[in-house]
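Below, each structure is written out as structure tokens.
The same chain A turns up in both complexes below, where it pairs with chain B and then with chain C.
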Partner chain A sequence: MATRGRSSFCRSLPELELLLLVILVLLNGTVLSLEAASSSEIHTGEGNNTSKKPFPVIGIMYDDVSVPFEISLWVLLASLMKLGFHLIPRLSNVVPESCLLISVGLLVGGILKLARDEVPPVLSDRIFFLCLLPPIILDAGYFLPIRPFVENIGTILMFAVVGTLWNAFFVGGLIYGVCQLAQDKYSEINLGNIGILPCLLFGSIISAVDPVAVLAVFEEIHINELLHILVFGESLLNDAVTVVLYHLFEEFMESGLVSAVDAILGLVSFLIVALGGVLVGAFYGILAAFTSRFTSHTRVIEPLFVFLYSYMAYLSAEVFHLSGIMSLIACGAVMRPYVEANISHKSHTTIKYFLKMWSSVSETLIFIFLGVATVDGEHHWDWIFITATLILCLVARVIGVVGLTFVINNFRIVKLTTKDQFIIAYGGLRGAIAFSLGFLLHTDHKKIFLTAIITVIFFTVFVQGMTIKPLVELLAVKKKHEAKRSINEEIHTRFLDHLLTGIEDICGHYGHHHWKNKLNRFNKKYVKKILIAGDRCKEPQLIAFYHKLEMKHAIRMVESGGGSKLNSSFPSTVSMQNIQPKIQSPPSARPAERALPQLTKGREEEIRQILRTNLQRTRQRLQSYNRHTLVVDPDEEGFDDLILKKRRMMELDWKIKEMTNYLTVPHAQGSPTMSRTRMASDSQAYVKPGAKGVPSIQIDLASPQSPDSVRLLDEVGHDQGLTMSLPSSSSRAYKTGGKDDDRDHQKLLRCLSDPGPSADEDEDEPIPT
Partner chain B sequence: MGALKSTPDPIEYADLSEKTGFSLKQIRVLHKRFRELSDGDDVLRREHLRCISSLKYNPIRVEIIEAFFNRRNFSPSHQGSADEIGFEEFLVVMSHFRPPSPKITDEQRKNIRREKLQFIFNMHDSDGDGLVTLEDYRHVVEELLSRSGALGKETARAIADAAMFEVARTVGHKDPNEFYEGITFEHFLKLLSNFDIESRMNIRFLKSDVNPFCQLCC
Partner chain C sequence: FYRTRTRTRTQIKPDSVNSVISASAAHLLRLHQRFQFLDKDSRGSLRSEDLEAALSENPIGVRIVGAFFQQETVDFPSFVRILAHFRPTEKNRTRDGVQPDPAVGRKCPSSVAFQLYDQDRDGKISRTELLQVLREMLGLQVTEEQLQSIAERAIQEADLDRDDAICFDEFRKSLEKVNIDHKLSVRFLE
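Now for the complex of A and B:
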């Protein structure tokens, strides 16, 4: 009964959504018309000054709050839409979110137009470039997987620069040819009037792959990291090319002449735009890192620094007509390793969640506005022009990708296969950036250009967006490894780095491993000392990785601690006792037996069952090194002994920390946005139950009154939380020095003060040691 | 073993090229480097490799140098280690780092993977008994962290322990009475099954001479 009622409720929720949507839109409409009405009222009021109006008990003062009110309405609409889509699972599997959002935008635009015969100009370029785009780019830049990005930087640059140039000139040039061929002096807009420069300008706008659209679609298809980073990196870096080409052609159109000098200047300008953007971003990134070094007393505003410096980087770059996107990416990527070493765990979580939230809302708004603006704009549909544009774009992309891959494969170790090339070509989606740039045009042919741009955008987002997922399945393209980044893999990654550097040295040539190594050493020796506070600067990456893993699991353990204090008390005790012999004797020795009574199989099972529901993991662990499972005696002396032992064991904190390694978190795939909010684009640490590499302890409670014993231990374990014992015990166990303890203490406090969200995965730190 | 004539002989190069897969140009370059390293000798000794100054900063340089003299890397059936190697052995060791050609079958890819992983396994397994014990692994991690000073020691132990547990877990040690001595090569393969080593463990070998920036200190 209950379930059926629930499902029917859920089914009605999308209908509720639609209802809500209609209400919102009507509200919007009425509110806006009220605004018009109230303004007219004021005029009439001023007319008869003589009659005294009664004191207005209730009035409508919409003017003052109109702008924020409307903004909030739109954002609310966007968020509700997002909510609605994920309640309809089948729909979101088939149709990518971007398509749905554009459709909603179209719907809303249509309703507004019908209601008021006018649509608010929502996708103005200022709003887009200053408010909607930066969060998305910052999110992408901050969580950019640096290692694959840098490894493939050559390929990415080739695609971004040469590919975009090729696209622009090919499309621009050929569309001019088509226009000339198809000119019809008697049609409304004579195609033949479109000069070569406007065509080239149009080509440059439409040739750029759009990061927003790529992110939106690729997020859902989970292809392997290489392809993802290639297409995504290209979409980010081609901004520089687009900016330069756009301004170049605009200038040329103003002046009317093109000379060779101008062309060379254009090239120079490209270098300046790209490198300048990166430098500006890096500068702000270093500033942010440096500032974060001193924020240990004002943890609350740490995220603010990150956001402000990044936004300033973007705006500063825009001031000088440099590439704002590249500046933002550089800022995020540069500041991340240092800032993360300095800020508290809470701030880290805040930054992550705010970025994800803003970028998510931005993206939704962009797509909705795209739909609305489509309804609004003045269009001129010219079959020839538009179909020619579409075909040329596709052809140009394919030729470009194939040609470039042919050249690039000579320099790559891991060559790009045909399948890869297809996905790269197919993934070249256009999006809102092209639209906004088109909006900014001043030419006479703006209408036809805009229509063509919108058509291409719609085509790529709808057709290519919807079909790419089945195509990926069909072609059996390698998908993303969802495996957890195990500690063995991490060790071997480091090992391989050093090995390859060594072999390069022996070979005698300075390959990129050598330079990478030099950069790392420089970073460690100088940069980290300046930018990272305290002792964290010395921590090599392997240790950092290990500690992160531990902290994550400690947090999870604390979070789950509500379920059973058993967690905290038993593992430690058991681990102590199990590890003690290991420390004392090498694994080759047979460990001593424990004189404790054995259990019957049935009882064991029962108890195991109880424990499983309480503990998050009950996997076999030290069986490998210690052949006995600890069996606890249920009688009173047993318990007292246990408690005493526990108190002693608590002092061996290192192994407690080690225990916290071995918790798993159920990994729920969820929707792309959910997975984006949960984990940054990384497969590094999905920890699935049942995954390998999660050693754990098997505890057999030999007690018929297991619930009671659990409760008793609950009380016992209550005041001594697992993790609190850290500072006191470290000194006894290991002689790593006082500084370590403080740091560990601080680290643990940092992470304990905020249980935070469940998954806290990280990319590689950009500059591994 | 197989000392070569001091002047390059195209016929022998062709043999080597077939055996190791390098192109003739690459072999020529590598031979030149070999002679540079060995001071004109026909055989290379450990001291020669220790002389390379840029290796000084490498935390695992001892293992790398050892790998050149480990007979198991010359061919699977050999055992023990040599004191000096000739150019052929040098090439064979280097060939482990050759990138695989793009059009290879799955079978070939698996073989290449095995070879590369075997190389790394041999580097871990210092006593050559075919097992990487906890001590061996601890040593590896300690070396990796050796450049980071004192704080590495205990963490290294903890990390190595955690890693060994993971291995044991991966190979499915469910039997509590089974004693886990160490990682065998098969376990090692299974452990790194997600690690795409065939595309990562590669060096770009030059086809033409390179300027001698890389100084030797002696």
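Now for the complex of A and C:
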């Protein structure tokens, strides 16, 4: 019964969405017509100046907010669509999101056209290139996996440059041939009139693999890293080629004359565009890294610097007609290691989520607008031209990939198999960039070009996008490993790097590793000192990585355990009288404040339970509104399972420790962490348990070791932004280790609320006994 | 030039080398030139000090020299044989699976790496051995506690049979993402 009810509800959801969609569109339409009405009202009002009008209680002033209002409507539509698709699981498994979004765009465009007989020009090139494209590219560049990218850079460049050139000339040249063969003087548009240069221009537009489309489709198929980075890297780097070819052919069309000098200039221009873009990006990246060095006091605006500098890099590159995409990628990739070393954990999370959000919305909007723009605009459907284009594109891509792989495999250690080649060829999707560039054309044959471009885009997105997933399954292409990077991998990778550098040194061979080593050395010696604040410039990467891992685990631990898990590693913690001064404990726990050590066992347990539950609740209450307050998000992955596991373990721990937990007796067999904190606080010498101070606690894999993680927080604590710092210095006044640990406990709880000023503000007087 | 060539011919015994690896004469010549370059005293064999000089900046240089160049001196055929472990062989060229190449006497690359960790050859990487490696790699930049916690965590992640050390299989398993076999190839030695 219940299931049927649920399924009927689910079935009604698409209808609900459709209804919502129609409502939105009608709203749009009515609002716009009201705008016309209100403007006429104003005129009549002015005409009758003399007669007194009654005071307008309600008026409609749509003009003032029309633009933001419409923009918000579109974004809202896009986001609702995104929500809606995932509620229909069957559909989203078969059809990639991009197809659905284009369909929605078509629908909306159709409705708008019927309603108002004209469609807003949404995919104008300014909106696209200045607002919609940068977030996606920045997201890609900032999170670009550097290692595989650089390892395969040769292959990627070959595909991007030579492949795109080949595609452009092949398609452009042959389509010219087809046009000449199929010319028909009596048809509306005579194909034979299309000159060679417009054809080549068309070829250059249509040959570029589009990063947005590739991202959208490849994200869903989880293909292995190598293929992903090859196709994606190609789609990013071919922007330079496209820009150069586009401008080149446009210039040639204007001047009408092509000479050998122009060809050479074109080559030079390509180098300038590509390298200049990268240099501009790197420059802004270094500026951003340098700026982030000084942001330790204003953590809240750190993400803003990242975004602004990247956007400036993009715009600056566009000013000089350099490749904006490459500049953006370079900026993101260059600034990332330094910025991440400088900014707080929360800023890092912010940057990540903002980038993901913007790029997601952008992508959605792009596809919807693609659909809308298809409905708009004049088209001229010419069977021959369009089918020829389609076939030529596919053939060019296949030949290009096969030929290039044949050459490249001689230089690669890991060869590309036929399966790989097929996926690379099949993954050459065209997208909105081609469309926008086509939009910018000024030739007479714009209509037919645009129609052909749209057809190719639709074909690649729909047909290739939909079938690539089954094909990947069918061909059993290696998929991505979902496991996160472990510390072992990090250690061993570095070890192997050193090993191979050594071998190369022995051979006297200046290979890949040799130069990488030199770069790392240079980086460590000079660059890091300038760009990274404070002590962290000396921190080796392995340590930084380790700290990141530990931070994540510690946050997860505190979030899920409510601090009680902490108790099991500090066996004598949670002494009653020390919990509260900073936390508003509810009245029910107040009797515990003044509790004397001599409590009965049962009462103690009861109080513990009360405190535990109340601590969790209080923590949520601490999230008061404050512009400077940020709350830590727990690490989402496996969070629920983790909580359950931890809860269960906590119950077990409580039962075990219940008998031995006295309030103020320091434990002799505590963890080295505890002994260390106590050693910092006590002047008395304390015997460390165990032989070499190696932790001897049984750690089970479900919960990564807590004592070590908390101990590490100690070491990380110098940085102001990492508020999970445990006070190790000013704990002289403390008498027992228990109090010290409670401080830590409180600190960890407080860190959830405040990223701001000094993390040491509760280091005042010792807690009164 | 003629003298060098005769020296080459007398000093390389092509059969002994070529039976182990099949390399072109050009490659052998290059390696021999390098060998002679490293051999500062022109004694016809290398001592460990010569190699350590080449690897002075490498944090694990001593370890590499120690692991590979086990005898007091290394003559050219042994030099080539040891370096041949790092040749990209045919079998290693696909990404799927790797087999040790018994015909060539070449060890599987991961066992080569494992041996570098496992100095006492007991077949396991114990915590102390791991600590030593970390200490060498990270040097003086980190505190002892940090090293220990990293080592602890590494062992905890990789150690599946709870013997507090990483055996060869666990080592391989933890590296399945890192394509170790194709990483351990130096192009030069083809």
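Going forward, the second predicted complex is superposed on the first by the 536 of 769 C-alpha atoms of A that agree within 3 Å, B and C clash if a C-alpha of one lies under 4 Å from a C-alpha of the other, contacts with A are read in each partner's own complex, and residues count from 1 in each chain.
The working rule: contacts are C-beta pairs under 8 Å (C-beta built on N, C-alpha and C of every residue); 3 or more make two chains touch, one makes a residue touch a chain.
Predicted model only: the values in this text are computed from it and were never measured.
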Message: Under the stated touch criterion, which partner chain does A:Asn488 make contact with: chain B (first), chain C (second), both, or neither?
response: both
Message: Quick check for you: in the superposed arrangement, does A:Ile503 touch first (chain B), second (chain C), both or neither?
response: both
Message: After the superposition on A, what does A:Ile413 contact: first (chain B), second (chain C), both or neither?
response: both
Query: Is A:Gly195 in contact with chain B, with chain C, with both, or with neither (first, second, both, neither)?
result: neither
- prompt: For A:Gly511, is the partner it touches chain B (first), chain C (second), both, or none of the two (neither)?
  reply: both
- prompt: Once the shared chain is lined up, is A:Tyr546 touching chain B (first), chain C (second), both, or neither of them?
  reply: both
Which superposed partner A:Gly266 touches (first chain B, second chain C, both, neither): neither
Statement: Intersected contact list for chain A, partners chain B and chain C 413-415, 417, 481, 483, 486-489, 491-492, 494-496, 498-509, 511, 521, 538-540, 542-543, 546, 692-695
Message: Per the contact definition, I'd like the list of chain A residues that touch chain B in the complex.
response: 409, 413-415, 417, 481, 483, 486-489, 491-492, 494-496, 498-511, 513-514, 517, 521, 538-540, 542-543, 546, 586-588, 590, 619-625, 627-629, 654, 657-658, 661, 692-695, 734, 736-737, 740, 769
- line: Within their complex, chain A touches chain C through residues 226, 413-415, 417, 478, 481, 483, 485-489, 491-496, 498-509, 511-512, 521, 538-540, 542-543, 546, 549-550, 676, 692-695, 699, 701, 704-705, 708, 711-712, 715
- request: Please give the residue numbers of chain B that touch chain A in the complex, ascending.
  value: 30, 33, 36-37, 49, 52, 54-55, 57-61, 64, 68, 94, 97, 99, 102, 120, 123, 133-135, 140-141, 144-145, 147-155, 158-159, 161-170, 173-181, 191-192, 194-195, 197, 199-206, 210, 212-214
Message: Per the contact definition, I'd like the list of chain C residues that touch chain A in the complex.
response: 31, 34, 37-38, 51, 54-55, 57-61, 64, 83, 86, 88, 92-96, 113, 116-117, 127, 133-134, 137-138, 141-143, 145-146, 148-150, 152-154, 156-158, 174-180, 182-189
